[in-house]
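Here chain A shows up in two complexes: once beside chain B, once beside chain C.
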Partner chain A sequence: MDVFQILLNGIVLGALYACIAIGFSLVWGVLNVINMLHGSFIILGGYLTYFAWHYTGIYPIILLPFVALALFALGYVLQHLFINKVVTAPVLTTLTLTFGLDMILYNLMTVFFTATPRRVTLDLGTLSFGDVYLPIDRLLGMALALVLTALLYLVMRGSRIGRAIVAVRMDRQAAALMGIRVNQVYSITFGIGALMAGAAGAIFAMVFPVTTNLTGVFLGKAFVVCVIGGLGSVPGALVGGLALGLIESVAGYTIGPQNAITVGFLLMLFLLVVRPTGLIGVKGYE
Partner chain B sequence: MAKPILEIDGLQAGYGDVQVLWDIGLSVNEGEIACVVGSNGAGKTTLLRTISGLIEPKAGSIVFDGEEIAGARPDEVLTRGIAHVPEGRRLFKGLTVEDNLLLGAYLRRDKSAVRDDMDFVLDLFPILKERRLQDATTMSGGEQQMCAIGRGIMSRPRLLVIDELSLGLAPRLVERLSEALIEINGTGLTILLVEQDVMTAFDVASRAFVIETGRVSMSGETSVLGEDPRVREAYMGI
Partner chain C sequence: MQFTFRTDMTELLVVTTNGMTFAALQTQNNGDHGRAVRDDGAARGSTEQKGAIMRNTIRHLAKLTVSATVLASAFLAGPALADEDGVLKIGAPLALTGGLADEGKKQEAVWQLWLDKVTANGGIEVDGKKMPVELVYYDYQTDGKRAGQLAEKLITDDGVDVLMAPFGSGHTKIVAAVAERYQTPLVACVASSVSVYDQGFKYLFGTLAPNTGMTESMVAYFKEKMPGLSKVAVYGRDDVFPKAMATALAASAGNAGLDVVYNELYAVGTMDHSAAVSAIKSASPDWIYMTGYTQDLILGRKQMSDLGIDAPIITMVTGPAYAEFTEGLGELADGVTSSTWWHHATSYTDTIGAWSSTADFYKDFVAKFGGDPDYVHGSCAAAADVLVNAVQTAGSTDKTAVRDALAATEVLTFYGPIDFGDNGMNQGREMPIIQVQGEAIKVLYPAAIADAEMTMIK
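Take a look at the complex of A and B:
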């Protein structure tokens, strides 16, 4: 296969990985919560998009903002009602809580949607440059993923709520002295994490089939991307996502797709040892 | 007659089962600079934390501008008009000087007035203008203290409480900051200063309260207390 094709596949996959990981990274970095629900949030976003498209025929790109907002609401409510009660507890406590919530959400999804793989088919055709092929739905997915990533970056850097989120992350007592209601910012942050997951799921459903069987896979990817790129920053998630996408693509071609995932995890372990802050070790949420 | 803007009476507070404040009573008059002094662990920081709502008092009252604020949330206290510059500056890492200042104005919606106050702060401490886009926590201690005070002013408070103005700073810088406080006070802002360095505190403040193990042991005009042999011996090393 052409080397450009391998790189292109890696970049497309990497942009999607970045989008998957970014909300997970935000929640982990700001709340110090390892959100076990993240994979299910992604699949829920994918299913909602698929079924809304299937029954109404509305174009999925138009559905995406609504799916994302629905997930924001779900995330906000879960944080507000449950996770805020234990948010200052050690990380194992919140991990257990989100694990329990995830089992509930996962089972509900399996009951309501079944685990049948679903995919929005757009039939947009394929671009070709010589020997290199790029299905247009994938190009679209990559573009959407990058746009969302850029949007989150701008929000974090330039908005009032972005500043408040960073302030809470860095020093919650000092943030309280600024008049910031810390628990409310936690709920909004968790909501944004779910929103990004939902949007990523909507994008995924346009490119690959989604099924509840994938929740663990997505959670694992988010985890690896965070460790590779460095926790708690948009550029970190982007770099980590692209790195993982490229590695899996190259490894998939050279040593076989069944080994590609192992290579990703090996890279994560290697980085944990030599550079625990990730490729982009950051101070603030930038 | 001087009118009190802050009146504290019978205040008790602490951390969990550890009681730190046993019986605090003090008042700050509108327009003055008052100070609270005391040795390490006397409870000065705990007092300020209780005023700004970070700690719930066990008993007693805190009346600000005629309203009871004991037990109110930090954002409610700030809205009423008390800004708290915490011990050790506590600027936000990873954010610029400008962003730190803007966080001081987090609850305000009057954008143009916020701009004016930003200009006021940058004129008061011109070095911050040069450092506007630098990570605030990479500045020197003195510059960080300026930024922390500026951040407090950005909420346009009626009372500014400052914990340990001089902590870890060279005497020349402390003098510079003291002058700035007097200038800020000249705009009509009431200031309550907490200090371990009694000399500095008595230089800028007109009235003082001495705290010992969670109780106010002495209080009065700084000009009088500064001559008191007990104060001179215990806190000024004379």
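Take a look at the complex of A and C:
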């Protein structure tokens, strides 16, 4: 039975990784911006959910859309006011800018909320099939990862803004000549990235302790997942997340938790050498 | 009147007890835009005013923290400061922002409480004269390297007489190396790993007792309470203190004839414990011993429950020693045991230092902060008491004399007896075993201060 439990652990964990990485992957793929704020966005979403739940008792799942919208607004404004000014500069410039913004956001959260780990203590229980257990809050996280991926796919395929985002990514100049307001598309894209982080944060508040100490961990996972899954295709984050989750789960069980993270990084290095586009990434996005 | 001027890229906080506090925060290029808070203590230097000044200053600092471009500098004025021998200057690098901010703030809070108490008495009595005490600390932003640099700055720039170490064995080790180089006495109040103290340092002293004492008494106690106890799983964070505790427990359990069925470490930055928890579950231990930071332990405990673990004893170090552990876990915290260096249920009386008994300290602490103090508060306040005691014994702030006095220390503080051994660690204290029962933290051991019987997790 252990085998099933390990595989299930890996899939569920992988889905959570995908939740972390979807927004990050979008921003990186479209804007070519490595968004150092992403981990803090997730934690901010977690804090908003935690405090709203703590003071009103409303279920995190109901709070999720509101938290996600709040993060969208924040992401939009940040991109509009700051990142758009340097978005065409080399990637190091935008990296430094988002790093600086992250320091501000991170320290603001530490000052106002303190780094004390908090958690929405709604234990939703766990489903058991014989000896195999599936925690319900993680199941919710998995559902969220699938829904977010599907929604993003549909938006990119079917909506005006989605087509505009794709157009801007393909050729910024040509898109501008076609009358697309490029900077606005950038702001909306960054907003969507933040929205996805906020949605993940709302679910994570039930699964993980909410503390600013975790921002760096989330950011690191998002990065690895994107490299493994590949940029430029919507399901990339989902595939990368699942792959990383499964590998860490199996490695953690067989060769010990101390080495599980190392194995994930080794996979990343291996892929960078033999397949820089990642598992299902599109060429030209690496 | 002498003027000291400092410029540095970091937050600076200066509190003096000589009745004259002057802190100015200003930008690098234009001093005229600086903000100043002045407390003319000669005329109206009440404690309340100092509290207000502190709060104001902290508020300014909070603003500064978020602005990477703003420089902080401070002017100090006052006749007492000019006279290096007339004042005891204690320096400390503290983690006021970053990952260890919560712990750093505890140190800051309890030292402020201590300083207020000392100031209310007009300073400390050395050689028949009252000597004011000054505390200088910098935020090292939970960056170990920076802690070392700031310790150096405190010694060379600020001219502190003695140092106190920041939170944790890892950062204490860094600061200890600097203190040793400058032969400045350093008292560490939150470092308990023997690896910090066995480097042959002569100027380092620690108020926490060694980890190993903790694990042996715990194994013996649990064997007594659960006669069928045979299998133990040990799961620790690969970090200085949590690793030392996990290693010590595995060794103690092995020596006591228990079967260590799982013994693994997890890497710093581990986001999920499901693989390890599943492996532990397969080994079906009677006792799970997990070490780590509060966030790791909250997640670990939750995943044990999620994955259907039913071990009757779960110990988390140092989880339940912190209120945030029980708050973050809710009902799942119930039954979790831990060990700690100090609990406020201990009752020492006729103690030296700012407080004459444990109850006295507890009363002051609760009055000021509302919540209960934990071992960080207790140990750090006691460290300040021990430093003062050494200065009083030495009769001056001479670093070598203070160091020798510290080495010879054998006193009873509100926190318990303090007697530094050859390696500088506090020797042989019976450390309490605690358990979360309902919403309360109960003391199980030692019998003298126990207030509950141990319960098994169902």
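Note that in this section the second predicted complex is superposed on the first by the 281 of 286 C-alpha atoms of A that agree within 3 Å, B and C clash if a C-alpha of one lies under 4 Å from a C-alpha of the other, contacts with A are read in each partner's own complex, and residues count from 1 in each chain.
Keep this in mind: a contact is a pair of C-beta atoms (placed from the backbone, for glycine too) under 8 Å apart; a residue touches a chain by one contact, two chains touch by 3 or more.
All values derive from a computational prediction rather than experimental measurement.
In the three-chain model built by superposing on chain A, chain B fits alongside chain C with no clash. Once chain A of one complex is fitted onto chain A of the other, the partner contacts of A:130 are absent, as it touches neither chain B nor chain C. Looking at the shared chain after the overlay, A:90 reaches neither chain B nor chain C.
In the superposition on chain A, contact is made by A:164 with chain B only, not with chain C. The vertex angle at chain A, taken between the C-alpha centres of chain B and chain C once both structures are aligned on chain A, is 140 degrees to the nearest 10.
In the superposition on chain A, contact of A:176 is made with chain B only, not with chain C. Between chain B and chain C, more residues of chain A are touched by C.
Put simply, chain B and chain C get as close as 33 Å, counting only Cα atoms, in the superposed view. Comparing the two interfaces of chain A, the one with chain B and the one with chain C have no residue in common. Considering their complex, residues 62, 65-68, 97-102, 105, 235, 238, 264-267, 269-276, 278-279, 282, 293-295, 298-299, 302-303, 305-308, 324, 327-332 of chain C touch chain A. Against chain C, in their complex, chain A makes its touches with residues 2, 5-6, 9, 12-13, 16, 100, 103-104, 107-108, 110-111, 114-119, 121, 123, 126, 128, 131, 133, 135, 138, 208-209, 211-214, 216-218, 220-221, 248-253, 256-262.
Contact residues of chain A toward chain B in the complex are 160, 163-164, 166-167, 170-171, 173-181, 282-286. Residues 52-54, 73-75, 78-79, 83-84, 86, 90-95, 99, 102-104, 106-107, 135, 151, 155 of chain B are the ones touching chain A in the complex.
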